[in-house]
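First chain A sits with chain B, and in the next complex the same chain sits with chain C.
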Partner chain A sequence: MRVASLARRELLTLFVSPVAWTITFVFLLVMGMTFHLSLLSVGGDLQQLVPAIYSGYVFWFMMLIFPPLISMRTLAEERRTGSLEMLVTTGIADATVITAKWISTWIFFMFLWLCMLPMWLLLDGVGQVDFGVLLSAHLGIALVGAGFCAAGILASCLTSHPLASAGLAMAINLVLFLVEWLRFLYEPGDLQLRWIEHFSAVHHIGAEMTRGIVDLRVPIWWVSFTILVLFIATKVLERRRW
Partner chain B sequence: MIDFIRTRRFRTRFQVPLQIFLLMWIVWAINLWSFHDSIRSDWSHEAQMSVTPSDRALLDALPRSVDVVIPVDLPPTAAGRVRARVLLQALRWIGELSRTAPDALSPPIQVDVNRQADRWELLRNARGLEADAINKIHFFCGERRLALDVEELAIIREPTLMEPEAVARIVVDRVREAVEAALRQVATDQATEIRISQGSGEPPLNSSRGPSLVAMVRDLQQRGARVAGHSLAVIETIDEEADLLVILGGGVQRFDALSASVRREVERFLADGGGVLLLLPASGETGLEELMADVGISVLPGLAAQVTAVPNRAVQSSFSVVGERLDRFHPITAPMIGERFAARWTPSRVLEVTQPATALLSTGASAWLERDRISARRDVEELPGPQILAAAAPVGEGRLVVVGNWNTTLSNLWTGDARRFLLACCDWAAGRDLLPAGAGREPLSFRIELDERLRRSFFWTSFAVLPGCALIGGLLVAWARRRDR
Partner chain C sequence: MIEVENLSRSYGSRKALDSISFQVPSGSVTGFLGPNGAGKTTTLRVLTSWLLPDPGTEKVMVCGVDLLREPRLACRKVGALLEQLPLPGELRVCEFLHSRARLKGISGSQISAEIQRVLEDVDAVDASRRGIGTLSQGYRQRIGLADALLGDPPVLLLDEPTRGLDPRQVALFRELVDRLRHQHTIILSSHVLGEVEQICDRVCMISAGKICLDEDRAAWTRRLEISGTTRVEVVDGSDDVAVGLATLAGVSEVVTDGSGWILQGDRDLRRSIGELARQKEWVLSELSTDPATLESLFLQLTHPGGES
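Let's look at the complex of A and B:
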């Protein structure tokens, strides 16, 4: 209950700040441009449009940049202004604070992606959109985004400067993104390659979920990774009591 | 008090890393479990990547592990992109099957021949692949090998010279059926024995100089057959091991009609369950006319002729005819029923077919039987189309296929639908599973027509309307905040 009310408060704070709307504006402008150009490049083939949009370089740039930008102020700013001390002295558990902040960040992140839904509905009006593939692609974004947002929260716990926090979160996300590049060292069938595919965000979204393939391994990895990172973030927040 | 704080700090410093380590271990254990036992599902509308119980049964039944290599080098044209899509879809499907049973089917190895020339060279040497074995799916099972061409995986509508490139599309998708049939064939221990009989003075089967049969022979070998030459004019008996006898009733050099004793031997071979593919000469007889007549196939005098469009928008009559009408029910032609089947043969004899034979392939209505072999000029009394170009009939235990043209077997003409048709004839006559086994499916089209109006409305929605909404939202928030102050 406390988590929900705290998350609501966080979301409200986010939406009444001009930063959130600026982020939304930039996001929609860049993704709208990508959407339009991708539609032209696939020649109107809506089946190819989903992988074209959700696994290109622009997509990954947005995935790597936006979760740290959204989460950078969550704890770093509160710590810098001293409002974090006030929050934790109210008797709210650190885990509750971390969870609420992560939920609000993740909801805002998903809000950005769902803002693109009108474009898909517009296309569905003139053709046929494969909503099953679109759903699995968004599930992939939600899962990978959950992990990236958690990394942002952890980075925000570790430093009191929002920009440093964003930089650290981007570094963590970049490592998760670059795992995919290790695949070039191995041949199909190698066990190492199978493990790389197990952890690679690029493989999960680009090769599977934007094609409609949903593997139970993907939610298991990203949910467990998110829980682990949030747990570490909680312990980092608790550190000041030691 | 200080001691208490110290003790607590010490405990915390010890416990927290332990807790983190424990959670990491749990995460690792859960992922290890899911790594080995996972559930996959296809949420797409067509669910083409769903592995069914019959697929699992097929994989379980494979006696040995099958390896797959896919070398790709396609031009960046619209037709090339469609072909690449077919190969990629096959790659993904084989990958899905491989995930289900990694011991039975290894993950497919894809090689970009253009970019990974060294890797391709290594792989080629290791697997014994020819330099031109590209844009095919190669299956390896022990010593056996089988290759699938893009044409076997899908029927592709290719643009003609006068059409825009965008018309290139997949008409019938047979990836699943073709891969299934290929796995079944490559894993079986029984190889098809094919004997090819040519006229005298023809180049050897493996000769790559001048007009030869090397492309056809390689194709048959890549489909798991053992091919050898067998001159019926010299050795009148047919090898006991042979499953299929291909008789080329024509050639670059001379072809003499086969003797009566050869005819009797062919009859015996058919009666014993063998298969014969007879490719007719442009003129003259093969010596097997009596045998054909017994099963309802006779060769009419003259050649098929047709009016053909030429690039400068003119038309001309020629002996180049297009076989486009297929029998809907015969096992050879049923899988090929689709849009725009076009096997061009230059020239072709015309057949007359009665029961129990079946007319496999015929021309359109614009063709006719030209009795004057020198020039194709339509006269009133000449027999109008459609003209039958190929027929098949069961003969005792065996199978006979007669085709009105022989020179499609030459390497420079061994392409397209004509090649596909002749390969299917070989498979059927040899009593093998047809490749692919099923009729495939027509893929759903998710393509929209991007007209000017749609482009413009989409441009404004993506560039202005949605970002504008966010901008207005931000301005409203800023205004509200300023007013509250």
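Let's look at the complex of A and C:
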């Protein structure tokens, strides 16, 4: 109950400030243009539209930038202003604080992607959109986004400067993004390095989920990664009491 | 009731609290005094469970709950008005208090009534629908206090509650604390000694991480009286008067101000001066005491070489 209360308060605080609406505006502007250009590039082949949008450079730019931007203030700002102390004096557990902050960040992140739904519905009116593939792609975004948001929360615990927090979170996310590139250092098709795919956000979304393939190992990896990072963030938050 | 025994807290190698012990009786208002960096806020932060005490701390009990074993349960017994009052300016007062009430575990059906109660307690019902960002400093302090009162905690910690308030707001705030004293045990950390002198039943002074005074009103008033000066004026008095006064037990210094003599002593000297005057057949035209102030006591006890 306390997690839900705190997450609700976080979202309320976010949405009554111009920050959330500015982020939403920028996101929709960029993704709207990407949607339009991708539609032109696939030449009306709607089957190719989902992979074209959700595995391009702009998509990954958004994935790497937005979770840190949303999460950078969550704890860094609270610690700087002293409101974290006020929060903890209610007797709330550190794990509850971390979980609630992560939930609110993730919900807002998913809200951004949900804002694109009208574009797809509009397109479905003139063609045949494969909503199964679209759902699979969004499951991938939800999973990778959960991990990226958790990294953002951890970074926000480590510093009291929001911009430093955002930079640190982007660095962590970039590692998860670039892990795919390790494979290119070797011969393509080298089966010895295929295990890298299991940790690659690019592979999970680009090669599998935007094509409607859902491998159970992918959710297990991202859920485990998210829980691990949130656990570390809780320990970092607890450390301030020592 | 708060009981603290041998509480220590360090920041790295620096000891902010060095084995301090004190008790705050139920229903009392205790003034927590000390220079900046003395350890007042650290003590309050331990009592709100924001900071953990160092290992070796023997006892920190808040209303019968062992804070060392059950910190979260203990801090639910405490309502805190923090020195830095970081209220979210973008929320309305009722929205803020609603979310705080939920976090404090107040059930949904009781929240509205509880918010109404605390706003009435702090005389801020009219601010309920206002944005926190538009409130004056006085109202912000009241909303902070309303937050501390949510859930009716038995202990209230007020850290510099009148900082930034104008004299009228200070007077109103003092009245507010006076009303709350009957239902809560209050610790008031302040630099305003006059305020502490007026409001508090008990004073706890801390300097360089150690308690240097922990007394109730009767004891500290007595201490102020005996730490003061006594003025004596004798009709046709000569230098013999000064010599005679200096021989009295407890007198540490006798100086003249031209028309009379001022005695510094460690006790109430009036009775012995009266007896000496009778023996010497002096005609006293004045015998008065000028008690020390809490400020002079504070300066005496908290200066680097002060008594501890």
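We take it that the second predicted complex is superposed on the first by the 234 of 242 C-alpha atoms of A that agree within 3 Å, B and C clash if a C-alpha of one lies under 4 Å from a C-alpha of the other, contacts with A are read in each partner's own complex, and residues count from 1 in each chain.
Heads up, the rule we're going with is that contacts are C-beta pairs under 8 Å (C-beta built on N, C-alpha and C of every residue); 3 or more make two chains touch, one makes a residue touch a chain.
From a predicted model like this one, the values you see are computed outputs, not experimental measurements.
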Partner chain in contact with A:Arg8 - chain B first, chain C second, else both or neither: second
Which superposed partner A:His198 touches (first chain B, second chain C, both, neither): first
Which of chain B and chain C A:Val16 touches, first, second, both or neither: both
Partner chain in contact with A:Ser41 - chain B first, chain C second, else both or neither: neither
Chain B versus chain C as contact partner of A:Leu87, first or second or both or neither: second
Partner touching more residues of chain A, whether chain B or chain C: B
Doubly contacted residues of chain A, that is, touched by chain B and again by chain C: 16-17, 242
Chain C contact footprint on chain A (complex, rising order): 1-2, 5-6, 8-9, 12-13, 16-17, 81-83, 85-93, 241-242
Interface residues, chain B side, partner chain A - complex: 8-9, 12-13, 16, 19-20, 23-24, 26-27, 30-31, 34-35, 38-45, 47, 49, 92, 96, 102, 106-110, 166, 444, 446-450, 454-455, 457-459, 461-463, 466-467, 469-471, 473-474, 477-478, 480-481
Of all residues in chain A, those that touch chain B in their complex: 15-18, 20-22, 24-25, 27-29, 32-33, 35-36, 39-40, 43-47, 115-116, 118-119, 122-123, 126-130, 132-133, 135-136, 187-189, 194-195, 198, 211-217, 220-221, 224-225, 227-228, 231-232, 235, 238, 242
Residues of chain C touching chain A in the complex: 45, 48-52, 72-73, 75-76, 78, 80, 82, 84, 86, 88, 90-91, 95, 99-100, 102-105
